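Chain naming follows the written order as A, B, C, D, E and F, and within any one chain the residues start at number 1.
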Amino acid sequence: MSERRMLVVGAHSADFVWRAAGAIARHTSRGGEALVVALSYGERGESGELWKQPGQTEENVKRIRHEEASKAASVVGARFEPFDLGDYPLRAGPEAVERLAELMRDFAPHVVLTHPEHDPFNPDHPAAHAAVAQARLLTSGAGVASGFRTAPPSEFLVFEPHQPELCRFTPTVYVDITPVFDRKVEAMAAMAAQQYLQEYYRQRADQRGNHARKVTGDSGIRQAEAFQRLLPNVVEAL
Amino acid sequence: MSERRMLVVGAHSADFVWRAAGAIARHTSRGGEALVVALSYGERGESGELWKQPGQTEENVKRIRHEEASKAASVVGARFEPFDLGDYPLRAGPEAVERLAELMRDFAPHVVLTHPEHDPFNPDHPAAHAAVAQARLLTSGAGVASGFRTAPPSEFLVFEPHQPELCRFTPTVYVDITPVFDRKVEAMAAMAAQQYLQEYYRQRADQRGNHARKVTGDSGIRQAEAFQRLLPNVVEAL
Amino acid sequence: MSERRMLVVGAHSADFVWRAAGAIARHTSRGGEALVVALSYGERGESGELWKQPGQTEENVKRIRHEEASKAASVVGARFEPFDLGDYPLRAGPEAVERLAELMRDFAPHVVLTHPEHDPFNPDHPAAHAAVAQARLLTSGAGVASGFRTAPPSEFLVFEPHQPELCRFTPTVYVDITPVFDRKVEAMAAMAAQQYLQEYYRQRADQRGNHARKVTGDSGIRQAEAFQRLLPNVVEAL
Amino acid sequence: MSERRMLVVGAHSADFVWRAAGAIARHTSRGGEALVVALSYGERGESGELWKQPGQTEENVKRIRHEEASKAASVVGARFEPFDLGDYPLRAGPEAVERLAELMRDFAPHVVLTHPEHDPFNPDHPAAHAAVAQARLLTSGAGVASGFRTAPPSEFLVFEPHQPELCRFTPTVYVDITPVFDRKVEAMAAMAAQQYLQEYYRQRADQRGNHARKVTGDSGIRQAEAFQRLLPNVVEAL
Amino acid sequence: MSERRMLVVGAHSADFVWRAAGAIARHTSRGGEALVVALSYGERGESGELWKQPGQTEENVKRIRHEEASKAASVVGARFEPFDLGDYPLRAGPEAVERLAELMRDFAPHVVLTHPEHDPFNPDHPAAHAAVAQARLLTSGAGVASGFRTAPPSEFLVFEPHQPELCRFTPTVYVDITPVFDRKVEAMAAMAAQQYLQEYYRQRADQRGNHARKVTGDSGIRQAEAFQRLLPNVVEAL
Amino acid sequence: MSERRMLVVGAHSADFVWRAAGAIARHTSRGGEALVVALSYGERGESGELWKQPGQTEENVKRIRHEEASKAASVVGARFEPFDLGDYPLRAGPEAVERLAELMRDFAPHVVLTHPEHDPFNPDHPAAHAAVAQARLLTSGAGVASGFRTAPPSEFLVFEPHQPELCRFTPTVYVDITPVFDRKVEAMAAMAAQQYLQEYYRQRADQRGNHARKVTGDSGIRQAEAFQRLLPNVVEAL
């Protein structure tokens, strides 16, 4: 049984579903612990369907988004923690960074996942990246004993953005999510406010599965998720 | 016990020692099989000490280099196979590529290591890279059934060059070679014609060990070797 | 007749003249509408000639710069709107971004032009870029119905900086400004505080014209301006 | 009616179908002329299904591939011309380059499409790129009158490879292929030897359509193809 | 005798020692003037050894770090000026930038050294880079007479970070520090709180010396330091 | 007096004039020695004006180009040595590389100048780069005593191409050519077959002069040439 802890931080409450639900499910199905942090509910910029309802309010949108994300997290075995910082624009200033750092010191994750550094289509994703990267460094204290509470350094990866090449994303890791793909499908189904993305990311998982088959020759892989590791991976052998 | 096969291809007979002897020793000490191919003996461009001896001949230089490399390979548990194509310049044309491809079809390596694509200090390293990359693709047949004999796709990494930044090398994997470092030291000692590099790569292993400690916080790591993976790594979980 | 709306945002009041006056004139001469926003007057860092006058004041410099930029805008058929945020350093914080976003929601531009992301010679150009990029995204709401007022996504290009390679600028579009080059010359002549740049950008237009001729073989092109498109261009056919 | 001529060069006879059939169909449906050159039939490396048949021969594989590609080209209104240079490896030496150059001088294309410069999964795609780029330059004579027969400079774009990020491909143009998507589907159906790719590229067209919608906000776009322009685009206005 | 002035800005009080002590000593030994600014004492994140002492306080850590850095600066002939802005995180906002700019206007350095723009292992180094780059530009006024006090443009270089490739650092200048290496060793010895780095940077100087020998063939070079110049170097002849 | 030797290698006989005549003149006016090698006369691709004359022959074009280049070289104090390998395409195979290497061993240059590695507008420039880079490495023998005749390592720079950004050229050195600019103008005037480039490169020298002024604040600089250094510069002090 794995005892690894995984922290997934998204700018909006649904980000973890499209981009990492498979890797989370794979992680928890092996006994690992997973915590999903949503810096905002995406209530303004990513809840278009909900705003079409007459009399809709921001509070109600947030409530619905909270329920959806909680359910999706539960489906893949993760805990869900919202920061509710607001979106479009997400402003993750020093207080948010410190809150994230404290959470990292408590949770002591082995692996941290978040958005890539660049995204020309979304103002909040790079803001989330910057906050997570900053908090992670404030947690690890340069790898030496420090004048503040620390946690061991974690692996740091970014998940796949919507238009990868334009976000300067190059995959370095494919996670085979074949055995848990039904969990990802179910988690996506919980995000009723963004139904149009479900087919998109279902196809995307197939395509990354194709890529992973090509790399390995392993015909058993049907679906995969792509990640980019930002720091070298330390291994015992190749 | 590992049953993985590792293929290491160097432009000159000593390249594998400085750049990958630790990873090879780690691999074989777990039961893996390792085959080192030297495209040339480096008899012209990397055997300066030997040429200082009066009456030295190319044949004798090659003989000495063969003995040294064979011994070093043996120290880290690998088999040594020289192609003797000549160096400065190394010309690895279609025939050499086909010979490499046939060797790959027979050996069916799980992992292939060679030089990076660029090296502004050495004309033979990029030539070796190009030949290995080409041969590897001719072996794997696009990942589908092909009109020729194939081997399963292999992992493909490049090892650390002498001046990494100028060779556009960015490490993505550190291999912890602490348990086998004495083997690397012994293998380096076998390369009498390039004694001046032994201290250099001993220090380099210490520094990469420092980097790997920084990434992991694992104070047990003392020495490491750096590699760059050219294709995504397919994993079951993060 | 074109009904396209073009928004040009410069850090200082003269930037649009050197870098985009030709493209603006070409746009308006086809019936398009153009709006030039100057985030500052460049009163401190780019008005050296004016400060040589005894007794010069900041207010007077701004007044002169306003007149010059208004005249230049008028020459190329554009409206001029100064934000007067101050320069060296230009600080374009959340309020300035929101003001830009509101302007974009009202004006609903089809194409937005501003400075590149990097400029090692100027502290204000990257600040302008960041503000424009952020405002543009806050305006477009991720391409879906949003919880706030939006405008359709616009094309997004950056104009040529003073030392292109060092600003990581690579041209992807040359606009043939031959038919309106006299307008650009006249607009440049209006910028009395920076006369030394007129010859420079006159030559630059000739050189980009040479480049555009080389790309097309069209000997009728005499002057051009260079731009870099940050997002893919969607076309009906190649 | 368009009178533009488009030249599409693929390493193997099916490449144009997966990567550019939509753009070709869009081009010809407007009256443009299209010529598809296949440097090889892909008889060894990309005809796996055919080699599963007992008693299969290289000649027969080529014959079938010729029929399939001819039919697919016909479906999108293009002429098909095979060079039959052999694949895995494709060797496009000086003679092949000169043959391509002569063809370009005769056909005088307005736009040339081929593979990207890099592809870590395929040895033949970069070889095709190099030959096309070289031939194109030998045709255009540096943009000035030359001591040999020339054709006007053409636009030069590369089409989408199978794993874009790893081929260093970044889209700069999306062609809306919605009106001709049925033609692309029919062309793909003609490639019986690679049926497994039909669903893949059908999905890919949907995803690029999604990307193109995001860039433009135009909900009428359903499918698109992605291209990267290697030289600046010269336009009359933005 | 040189009359050049060198400004070295580090995020923490010891940074200048590891990364530039040799270049400083070389500079001052030729008669040049050197000023070291430490934006913080590194009291929280880089003083682990000191925090192991029972009853340790932040004030005492700062006091010790001040003494160490003053001594090290003195050893290499430089003046030491601490800004004491705090570390982990270092926050170098508008006031700190203005303070740096004023210092630059007074000191009028010919060359400025600081950290690279990126560092995935340290949150403070990029913050220091941004502040220095901004202050330098606010000092030089775009190279023309400005509405504020200026200093002549300075050369701008970044020094070597701990894991160069991952900080996107590529050396463009090696400074031969052989004649002053004993001074660097003595300066490093003064940094008692980070003893573990002394051997690391002693080895690093040897390795960069090896690289500089390779570039020049000058066997007299034993130790060197690596820098990356961010702006072109203007010379009278090659 | 300088005793440095400079080797300039161009693909065509006029390349050295447009791109490096100023740096050569500066070099020789200080007492340095300069040797210009032209791999071809550019008789096919860059002699358009000459081919407009009725009855023109290749031999006559070469003769004229030889005279022009000899005269231009003489104007800037350099010796001219043509290899006459033919152009469009220039094929610089093993024999040409060995001839260059022998020349380098004899001449033992301190600095080598040639074209950049990439040029999407010219097939011969990258071929020249590859040959020079290869020959230079075959000459220097990895910086150690070798089994063949060597010369000391040389500085290696590329000169400015026609469309810098698209050739991935980023200047790292500006040479102030103000004192010898009249010599460059005279050398350019000697290239009668490419008169259209004289004004272009006259303007370019002014612009690079502007850039060099901006970098240094030295108003005495009027004209400059831009170069990119491919290997670190080893210096005694910054």
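In this section, a contact is a pair of C-beta atoms (placed from the backbone, for glycine too) under 8 Å apart; a residue touches a chain by one contact, two chains touch by 3 or more.
These figures come from a predicted structure and were not determined experimentally.
Chains that count as touching both chain C and chain E, per the definition above, are A, F. Where touching is counted per the definition, the chains common to chain B and chain D are A, F.
Farthest chain from chain A, judged by C-alpha centroids: F. Interface note: chain C and chain D, two copies of one sequence, contact each other through mostly matching residue numbers (shared numbers exceed half of all numbers used).
Inter-chain centre distance (chain D to chain E, centres taken as mean C-alpha positions): 52 Å.
Averaging C-alpha coordinates per chain places the centre of chain C 36 Å away from that of chain F. Among the residues of chain A, those in touch with two or more other chains are 121, 142-143, 166, 171, 211, 214, 231-232.
Which chains touch which is summed up as A-B, A-C, A-D, A-E, B-D, B-E, B-F, C-D, C-E, C-F, D-F, E-F. Contact residues of chain D toward chain F in the complex are 94, 97, 133-134, 137-138, 141-148, 156, 230-232. Looking at the complex, you find that chain A touches chain C at residues 43-49, 51-52, 58, 61, 88-89, 91, 120-123, 166, 196. Chain E meets chain B in the complex at residues 121, 162-166, 169-171, 200, 203-204, 206-207, 210-211, 214. Considering their complex, residues 2, 6, 23, 26-27, 30, 32, 111, 113, 140, 142-143, 152-153, 155, 157, 171-176, 211-218, 221, 224, 226-227, 229, 231-238 of chain D touch chain C.
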